[in-house]
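After this come two complexes, each holding chain A, first together with chain B and then together with chain C.
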Partner chain A sequence: MNAKTKRIAVLSALAALSALLSSCGDVEPKSTGAPPAMRRLTNDQYRNIIADVFGPQIVVAGQADPLLRTDGLLAVGARSARITPSGFEKFYGLARSISQLVVNEDNRDHLIPCQPASAKGADDACAQQFIAKVGRLLYRRPLLPGELDTAMKSAGLAAQTTGNFYRGLSVALSGMMTTPQFLFVVDETEPDPDQRGHIRLTAYAKASRLSFLLWNTTPHEALLNAAEKGLLHTTEGLSAQVDAMMASPRFEAGVRAFLDDFLRFDQFETLEKDSVIYPAFTVKVVEDAREQVLRTAVDHLVDRQRDYRDLFTTRQTFISGALARIYRVPTTKPSGNAWVPYEFAPDDPRVGLLTQVGFAALASHPGRSSPTLRGRAIREALLCQKVPDPPGNVDFSLFEAADLNNKTARERLTAHRTAPACAGCHKLTDPIGLGLENLDGVGQLRATENGAMIDASGDLDGITFNDAAGLGKAMRENPATTSCLVDRLTAYALGRSATAGQIVFLDYLKATFVKDGYRLPDLMRRIATSEALYAVSAPEEDAKPVQSAAAAVATGAALQEVSP
Partner chain B sequence: MSSAIAASPQSLTLGFVVRDWFTEVYNSKFIDECPEGLATSNDEIWWRGLSKVDRARLTDNGLIQNLNRMPTAMRRGPEGENVCLNPTVVKDPPMRVVEGKYSFGANLDENVDGQPTANTCAHNNFTHPDGTTGIDNQMYRLIGCVYGWRRGGLPELNAHEGRGTSGLGMILIEVTRVTDPRNSPDVTVTFYRSVDQFALDGAGRPLPFSSYNIDTANGKQRYGDSLKGSIKDGVLTTARGDVRLPFYGNYNFLHPAIRDMGLKLEIAADGSTAKGTVSGYYDLDEFLYYVGGMVGHTSTGDNCPAMYVAGHQLADGYPDPATGQCTHLSSSFSIGAYAAFVIHPEQNAANTGTDARVDAGLKKP
Partner chain C sequence: MSILIKRPIHRRTVLKGLLGGSLVNVALPFLDCMLNDHGTALAATGSALPVRFGTWYWGMGHTPGHAIADKPQTAPGIEFLTETQALKPYASQLNFFGGFGMPLDGRSNYTHFTGWVGNRTGTIPQKEGEITNPTLDLIIADEISTGTRFKTIDASSAGIARENYSARSTESRAQAEISPVALYTRLFGPEFVDPNGANFKPDPAIMLEKSVLSAFVEESQSYAKTVGAADRERLDEYFTSIRQLEKRMALQLEKPEPNEACLVPKRPAELPPDRLAQAREMPNVIETHAIMAKLLAMAVACNQTKVFNMVFTDNFANVRKKGESYTHHLLTHSELIDSDLGYQPLAFSFNQQCSEALATYLETLSSIREGAGTLLDNCLIFASSETNYAKLHTIDGIPIYLAGKAGGRMKTGLHVVGGGDPITRVGFTAMKIMGVPLRNWGSKSLQTSKAISEVMA
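Moving on, here comes the complex of A and B:
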């Protein structure tokens, strides 16, 4: 047994023991927090904040640099994001255009809480009212005296220079929106009064963590007020806020944001297909494919409070006119943005999330399907397992083109696997992805490829199946399916992968997820009301991110399989 | 693969939306079918009738181009009447019509000699380019020498373009009682109208397998005539019967009842497209109304008064019981269609109500 496998065995044993202990009850085990960190706002969070603070009429015309996906999540990548000079220019451009819109004649009367004594010069009293009110929402806490002073000086100087009070406010607002306090969600800490020598998140930092998890936006007024009163430091106060936020229709936005990140849907922004091969795959289809998966998932998980695993076997979804053409099904709303509930017939080959256009098209090449990409997407995104990148010197052209002997993807990939360097990884991906071969590169049903009948059989971790429906069932029954969701959601909430000190917390969540009937809102509530979500340790106690024991074992097994 | 809405394994339904509708004309290379040349247009007749002084006055010394002088050119009745709206107020030289041997179309009266029957008037038959005799197509005979109506001419292309961008005059074809999409001995073919827009791909072509709602007025559909038929080797052929169809072209709305109409539709192997012909007796008054109301006669080559006279002379179907004068023109149209889902009003009502929470406003639809 080498060092790596020994470590995995130890972790596995610890995890099993921990799971056994924690499954005895619903009591959250003590876990160690990670050191405080900063997370850059995502583009969606930025937009949501602007809409919440100033209203939907203030358009955010542009977006910031993309975040780097880390450990499967952009939310984790946000923790290590840096703003480059060109990235700062983008934020500055956004801040300028937004602040100009806020103070323009159409909006100033309802966004600025006072009238200046004269619009042709500075008015400190009115400027302070606006800056203090908006600053609290943008910085997610009251402005410190120095911050307020800086913004006030900026507003006054600009108003005097330009002879325009509103230009002064605009300059001050631009400045605030380009500070780290706004662009980064900062884990601000204070001494923990209950544990001498320890630190804890401030109530405002807790409010931010909670708000971005449940609503994907800045804390609202009531939450900030609760933080101000110290209520978020009490179990009852925290629970009350969580209950209220989860009961709000805005909870859907939080769930959507997580699912979008979890399912790697940022890839839709660059998704393109060959319009000659797939004429029905329009820009509208791209937009609707993403929306369909999210709409189906939110309906299933939140509105109907159903078992997460059933997402892989459900026939119920929603359909738009553009998607109906891809699915080749009738719809009563063929045009526009209308959606109608739709249930695939019991004998329809489409079952579950994996057969939706959103998954099938995303994990495909521009002009054809790809069992390898689909298998990899399932392993990495949905089962939290790592599939190694292909070697750099593989000549894919030898296997990509169909010929008389290799008409189907299965035949081409069989030929591909004769290359020993490729065989290991393809064993991890292809037997899964081949189960979706009855869906072409954009998710349209097909029985044949290049005139040859498609064999959609395969296996997932030893469970064999004959078609996409069978793959959906295998996904539903795979323990890694639910384990992965817990891992990812926890990492999403924490903004980092769990540390060694948080493995017990993960295992507690996994045990209670089973007990709660695999219901996502229950899982989110447990995380949102947990001590672990808000736990912080001193910076020097930092630990390297580790996976939960179960995920580590799964990856280890996968890597062993790849080894010659 | 999926060219049908599966109602049950024993009975399938095929649906199509008609995108292309062109009057069938047989154009020979050297216009042999019009031995005296093309028909004289309204503009030409008007121009010939003007003195040199009037030509200069009415055309600003020739600076006003054909299309722009159309409104003036049409008002050449004795009292300044528009001769397209009042085609009998002037008497023009006879219109040049097709005298050739060949035409597309079908043998509607089931005889080859053109002799009158209970439902037809005497006429000359054509021979189909494939050699079939007894072809009835007096519509072609009437318009085949008008340059605008020849292949690629403005009235047809303009109407085609207008239908494509507006979705107006959209014909839906629904084939029910299908046992096998390629071979079904006894099917029912029903024709509807939709007012939905065409769903187009990036190149502007209709996308197959789109859904189209049947148009209704006050809860009742205005079209819906049916014909019996069969499918053999992917070719749908109907028996003949009277069918009212929607039509839109050149800013005119028609709803002609085509008598003894038959449809022949060749369905592509993948079920996504179909092409074929519609033939039958077309109401002459509807057609003359269409021509008379068309904008841009100087570009079509039409001359309404001459066409009115010729149309009545050539009409070969359904004589008026009182006068014996035939009221319809045998005709043939080529059509192109795309597979579609035909959505019935009751289907629409059922589908929008499946999620009670949507109806209750508790949830976004």
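Moving on, here comes the complex of A and C:
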């Protein structure tokens, strides 16, 4: 056993012991932080920030490059995302169009907090008001002297050059929105006054972690003020902010963002179905299928504060006019774009999240269902279990006869589950996915396939079932179902998968999740108020500390340099 | 009136920027449109017209025995069989490479991934999704892409932006343009300067924006020192991306030389949502590809880029025929081989359409007159797939075509037999033709220092 292995073994033993002790009480165990990191904004975060800072009338016309899903989450991929030349072009284009909208005649009066002495030239005092205010929200902390100086000079010179004060502001704003300070959420650190030789996140960096976790957007004014006063470094101050944010209607946006990532719903953006085979699956259905799952989950988890596991067995949902056709629900119930609560009848085969169109259609081929894809999606997304990639040397001629002569997916897949090269993986996926075979490739109910009755029996880790409802129950009872949610939510909050030093924290969360009745908001509160969320270790290589918040506010000298 | 247009603008003045000269440091662009009277060379230097490099990708390879007739050894003459008949008119303008190997050195064959990564980066991935080395188009772009607005342009008719086979690493993979309108706007939108336009006036707004961008970059560079080493490296790439945009802006301030080959195309029509939702139906893929081919070809002719990548269908061939429940990919694994024909009929028809699309692409490039020849004559097109026979996921013998004359640097009309040599010999040859000063390329058993001399003029 080498030193590293020994260290891991010791850490694991300590983690297990600590988790045991923690599970007896309600005290967060000590865990080790990871080195500071920087995460690129997601498309949703970008849009949310613009809406929060400037209002919903400022439309973000376009998208940045999508992130690479890593360890099951885009939020983790954000930590290693790079900005390519074409990717930067997109950010630059967005920044230009947004900044022009902000200062146009329709918006300037309510978005710019002052009137310039003359609209035909520079006005440093007014420009500073705007830049400092907006910059604090965009950079998620007060601008550093150099940052303010650059923005002020840009605004001043652009205003002089063009003879237009607002053009000056637009150019400066555009510049700010292309900086790494805006595009990346950086774990800025400072010396920890309580532990000599250690670092801690700055209060503003804590505010960012909190805000992106709970609201999926930039810290709002009150949170930044709390950071400025140092309140986020105190247990009481942090709890007060968390309570206030979770009580806000905006908490829903944070939960939705996590679920969208957790359920891999970015795949909806490239989802296609054959229009001849599935004529009812329209563009509007795609949009509503995604929304239905999120709406159901938010109602269940946040509004009703119910047990997460019951999501797999609930008959309650919401339905839209477009979805009514797929579900074959009388279309008189929802009209237009309205959503109405809907409960499937006790004898309806649809039970739980897995039987909703959103899940069933996403994990299928364009023209057919796929027990393998569905089983894999359940294993990987909902149970956090990796299904090995298919081997590169499969002889597909083994399955030709099976594909040709058999009417149901079960029969066709039997060959895959019995061929030695394929059996290892197909045994992991198919017995689960076959439980959803009464749903076709877009989630419509069916009793037969090619004229043959469908047998939807299967098993999940030893629990057998006869249909989708049974699969839902098996999911509810599987320990990996709740364990996976905790793992993913923690990784989502931290922006990385847990390190060895954080396993003890995961064990604590899993134990308390049980005690809390598997309620997601309680889990989020524990993470948001934990020390582990904000813990950082020394960077992988020495990096210069960021100027402290107090020093950052002292920008007067820099401003005088650009005053006329 | 702006002070910027009160007096004539000198290039150096423009490039020096507005916020103090130290903030902007951009090299003067090389104006490679300055042709001689015959349209074959640069007037000032007498050197040849620029040679451009393009890649073209299709998924699922060929049907062995029905695409290109085998040859015992490298020789002139390519025998196009049923699947590739559409390419026959271009026999004298391309080379076919078959029989090259993809040694795995004990690593796994990640189906439909390892093949293209090994072929284009020279390195076999150790895990699914891993790209550790840059693809050859970027190596070439680093060498030749000066004086154009874009270092590379990436487009895909397969409807999936992330499925683009040009990358520097796993995390640094450019997204392809999948909308013809978006591609048009990027290439020929408001920032495009028509070389044949009557009135050129540098846009003072660009000068201003460029200077401001440079100022923010400088400020951010000091901020970059506050992050750890790995993140600093990511920021370095971010700064490189900005520098490319700055160079592009600088070029927009230059009056381009008149260019007869450049005819600004019409803006493609916006597609209705229902059509967009069926982007991967094969007729739609073909239609999108034809539009994009024209846009890319004209972008090259108009000197907007020297390196351009086109994906016809993706590596998982998620394309389909209307009403057919199996995609092209699924068909290659599930469709029964017709004993009379000797192949899978539906999968074969998709393969055939891939060859037809490549022919369309070559036709589009050769339809543009440039100097004494065609645009294709001044290009090198590297067309490849990720597998040889998709039914079996084989990656030895992946088919590759090198098309175009590369400005006279490449001989054509050859069927090159690899004899199991590493497939990197083809990419290495392409890079040598494009003037990349490499001694060798590739890792482990894929490493090669042997160009294929038979095709080098």
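Convention: the second predicted complex is superposed on the first by the 499 of 564 C-alpha atoms of A that agree within 3 Å, B and C clash if a C-alpha of one lies under 4 Å from a C-alpha of the other, contacts with A are read in each partner's own complex, and residues count from 1 in each chain.
Just so we're on the same page, a contact is a pair of C-beta atoms (placed from the backbone, for glycine too) under 8 Å apart; a residue touches a chain by one contact, two chains touch by 3 or more.
Everything numeric here is computed off the predicted structure, so don't read it as measured data.
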First (chain B), second (chain C), both or neither touched by A:A338: first
Chain B versus chain C as contact partner of A:G55, first or second or both or neither: neither
Touched partner set for A:R446, first chain B, second chain C, both or neither: first
Which of chain B and chain C A:S275 touches, first, second, both or neither: both
First, second, both or neither for A:R328, with chain B first and chain C second: first
Which of chain B and chain C A:G230 touches, first, second, both or neither: neither
Chain B versus chain C, judged by how many residues of chain A each one touches: C
Which superposed partner A:D303 touches (first chain B, second chain C, both, neither): first
Partner chain in contact with A:D65 - chain B first, chain C second, else both or neither: second
Chain B versus chain C as contact partner of A:S154, first or second or both or neither: second
Footprint overlap on chain A, comparing chain B with chain C: 275, 282
Residue numbers on chain B that touch chain A, as the complex places them: 1-2, 5-6, 196-197, 199, 201-203, 205, 207-213, 341, 343, 347-348, 351-352, 354-355, 357-358, 363-365
Of chain C, residues touching chain A in the complex: 2-4, 18-19, 108-111, 114, 128-129, 150-152, 154, 159-162, 168-175, 186, 204-205, 208-209, 211-213, 215-216, 218-220, 222-232, 234-235, 237-238, 240-242, 244-245, 273-274, 276-281, 318, 320, 322-327, 330, 332-337, 391-393, 395
Chain C partner contacts - residues on chain A that touch it in the complex: 35-38, 65-66, 68, 77, 80-89, 92, 96, 144, 146-147, 149-151, 153-154, 157-158, 161-163, 171-172, 174-176, 178-181, 183, 186, 188, 270, 272, 274-277, 282-283, 286, 365-368, 389-397, 399-401, 403-404, 441, 539-541, 543-546
Touch list for chain A against partner chain B, complex: 275, 279-280, 282, 299, 303, 321-322, 324-325, 328-335, 338-341, 343, 345, 445-447
